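The following blocks contain the structures, represented as structure tokens.
In what follows, chain A forms one complex with chain B and a second complex with chain C.
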Partner chain A sequence: MLGRLQSLGHWALGTFERLGRASTLLLSILAGLPGLLLRPRLLIQQTFSIGVLSLLIIVVSGWFVGMVLGFQLYNTLVDFGADASLGPVIALTLVRELGPVVTALLFAGRAGSALTAEIGLMKATEQLSGMEMMAVDPIKRVLAPRFLGGVISMPLLAAIFSIVGVYGGYFVGVGLLGVDKGSYWAQMQSMVDFHDDVLNGIIKSVVFGVVATWIAVFEGYDAVPTSEGVSRATTRTVVHTSLAVLGLDFVLTALMYGVS
Partner chain B sequence: MQARTLEIWVGLFVAAGFAALFLLAMQVSNLTMVGGGSSYLLKARFENIAGLKVRAPVTVAGVPVGRVTAITYDSDTYQAVVSMRIEAQYNKLPDDTSASVLTSGLVGEKYVGLEPGGDTEMLKNGSVIKLTQSSLVLENLIGKFLFSKASGGGK
Partner chain C sequence: MTTPLVEIRDLHFARGSRPIFDGIDLDIHRGKITAIMGPSGTGKTTLLKLIGGQLRPQSGRVTVDGRNVHTLRHGELYELRKRMGMLFQSGALLTDLDVYENVAFPLREHTDLPEPMIRDLVLMKLEAVGLRGARNLMTNELSGGMARRVALARAIALDPMMIMYDEPFTGQDPISMGVLVKLIRSLNDALGLTSIIVSHDVQETAAISDYIYLLSGGKVVAHGSPEELEHSSSEWAQQFLQGLADGPVPFHYRAVPYADDLLAGRETGGAR
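Take a look at the complex of A and B:
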């Protein structure tokens, strides 16, 4: 009994300790961000490897998600004779929910895991300690550009996902299933509000971007410097980011749309 | 990879991202209507606005010219006060314009339809539309229909 209690306490303390370390790391990364203005090259490089290289998977998934939404929603809506509402339903689904959330999940798998593995391996091969020996702060030099690159990339990727999805739905709905082209766009424009829907979607994706990159960078920096430790840290990044994104999405949705 | 190509790719990515945001704002949502320049305020009092919502379109001859910005209840007259913003370019609405709460389609959204009158005076910012026609409540209509059916059936 006491042993169980002790292990519970050990687990709780360990979790809080990790949380505290993650928070202090975030603070020192934020403190290192102004220094990036002097070295925009680092930021460009990271934006490339995080954002540009994620572009393909985002565009392809957005297109297919939009097409599937087109088919599924059309089949449901046509029963009520409301197939002209296909446009707004697709757009609202994508802009409010699927755009930010699916992008964040793909981002965790495509970019987050790579970030963790890269930083973890840098730690395992003692590159980070080497930098410290040369009086180069690895947080400023390695972590800060990656963090900012991720935070910049995420809302842009989510916006690209949503717009590609809207055109995917257009392709299926208007192109294949014969929904009226005019009502697809006109109803969409009259139902989707810039402030309530688009802006809230962007806020969501910014929050997800911060959380996803923060977790990825922290797990890499905090990894046990062995090959097993790095592999575990990579797994944790994907799992924790997905859970955090889904949980936060509920909270944000409740805050944005729950009380009207 | 060459630094130059790297920068070009990042530039393309950022441009594509902003283009997507721009399209979301312009093509998908109704930013063009809301942010569109100057406008003036009209008010109208209705007996019943059942189903009319804030941001519903205001139309003249079926053409959207503005939006409903606020709906309040006047407890002195027991009426609903609907505030509407009309785009400034549509400033030639006669003083005796009438407003009615209409429905687009059978189950569609409610909107405010303005019917211009023949007065030479024009509505100004803050004017109140005097002639109004309330929203059609289906239950009342069915009730009236049944009532007239029942009273007519005796003959």
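Take a look at the complex of A and C:
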């Protein structure tokens, strides 16, 4: 019994210590952001490799999710004679929920894991230490541009996911199942509100962007500098980001739509 | 006599509960090559990290060029590091850049020099290590010895006052070892550097150093010029320089007596 209590205490202390280290790292990264304005090339490079190179998986997933939504929602709506509402229902599902959440989950797998592995290996091969001895702060030179690149990329990727999804739904609903083209778009236009739906979706994806990139960068920087350590850190990035995104999505949804 | 470039006084450092340095005093004199030698695990690399301010000691003082490294603010420490080069055992080259860009890296980070001047400087530093022709290679195309020479070119890019070499000869074939030995000595003399070499390659290091400190068990056990140490009566010095298995440095890691250890297995049923 005492042993269990002890290991629980150890676990709690370890967790809080890591949280503390992660928070200090985030503060140092934030302090390094203004300096990035003078070196836009670093930021563009990272936004390219984190954002642009993730486009393919985001576009393909968005298209398929949109098509599946088209089939599923049509089947339900048609029973109530409401198939003309297919457009707004697909759009709301994507903009409010699936866009930000699925993009963040895909982002963790595609870009987050790559960030962790890259930074972890740089640590293991003494590149970060070498930079420090060259009087170059790795937090400002390596971590800050990657962090900001991720935070910028996430809302853009989520927006692209939602747009492509809406067209996927259109392809199935209007193209294959015969929903009226005019009502697909017109109802979407009248029922999707910019403030309640689009803006809330953007807020979600910005929050997910900060959290996902923060976790990825921290896990890499904090990794045990061995091959096993980097592999564990990469796994942790994907698992922790996914859990954090799902948890935060619940909290944000409750705050945004739960209490009226 | 001028003041030493690096002064270490009563330095104590421990990793967790394991003490690494137990009150050491060292002086690194300007313009000289000073070797710090000792068996593996005596904290030689740790000492370099303490001098470079990457680690903090529990007590004691490390002064570089008259400034106490561990009381400096972040910005001041980084200013000081611009004048300290360090050659890591692995080379620590940036793997996403080619040889040219690796050497140009500190110049681009710390100066606003125009591109033609950066090119000239990079080519001069690469010429000094004999790798001007390899400037377009990526780091994964370099042999171990070449990587260390590129790292050396990068370390001297900002014309530092001192260079710290971490095990520069480990895992090198005789030719690249000879090249590195010659390079370290000639760069030190030609550029007026101060060099600190951490190594356990006795012959090579002794051949080029002006002064040697021998570390063991967290203390300086012997020091002097290579000739003095060769004729020293210190058992430590003799054991280390001649590579003897028996002597003050024990072959066995600390353990309970052998017979007790073997008999204990029967009582505990084989538990480790």
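FYI, the second predicted complex is superposed on the first by the 260 of 260 C-alpha atoms of A that agree within 3 Å, B and C clash if a C-alpha of one lies under 4 Å from a C-alpha of the other, contacts with A are read in each partner's own complex, and residues count from 1 in each chain.
The definition used in the following text is that a contact is a pair of C-beta atoms (placed from the backbone, for glycine too) under 8 Å apart; a residue touches a chain by one contact, two chains touch by 3 or more.
Since we're looking at a predicted model, the values are computed, not measured.
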First (chain B), second (chain C), both or neither touched by A:252: neither
Of chain B and chain C, the chain that contacts the larger number of chain A residues: B
Which of chain B and chain C A:137 touches, first, second, both or neither: second
Chain B versus chain C as contact partner of A:129, first or second or both or neither: second
Touching partner for A:157 - first (chain B), second (chain C), both, neither: first
Shared chain A contacts, counted only where both chain B and chain C touch the same residue: none
Chain B - residues contacting chain A, complex: 3, 6-7, 9-10, 12-14, 16-18, 20-21, 23-25, 27-35, 55, 57, 109
Contact set on chain A toward chain B in their complex: 41, 44-45, 47-48, 51-52, 55, 91, 95, 152-153, 155-157, 159-160, 162-164, 166, 185, 188-190, 192-195, 197-198, 202
List of chain C residues in touch with chain A within their complex: 52, 54, 78-79, 81-82, 84-86, 88-90, 92-95, 105-106, 109-110, 151, 154, 158
Chain A residues touching chain C - in the complex, by the definition given at the top: 122, 125-127, 129-137, 141
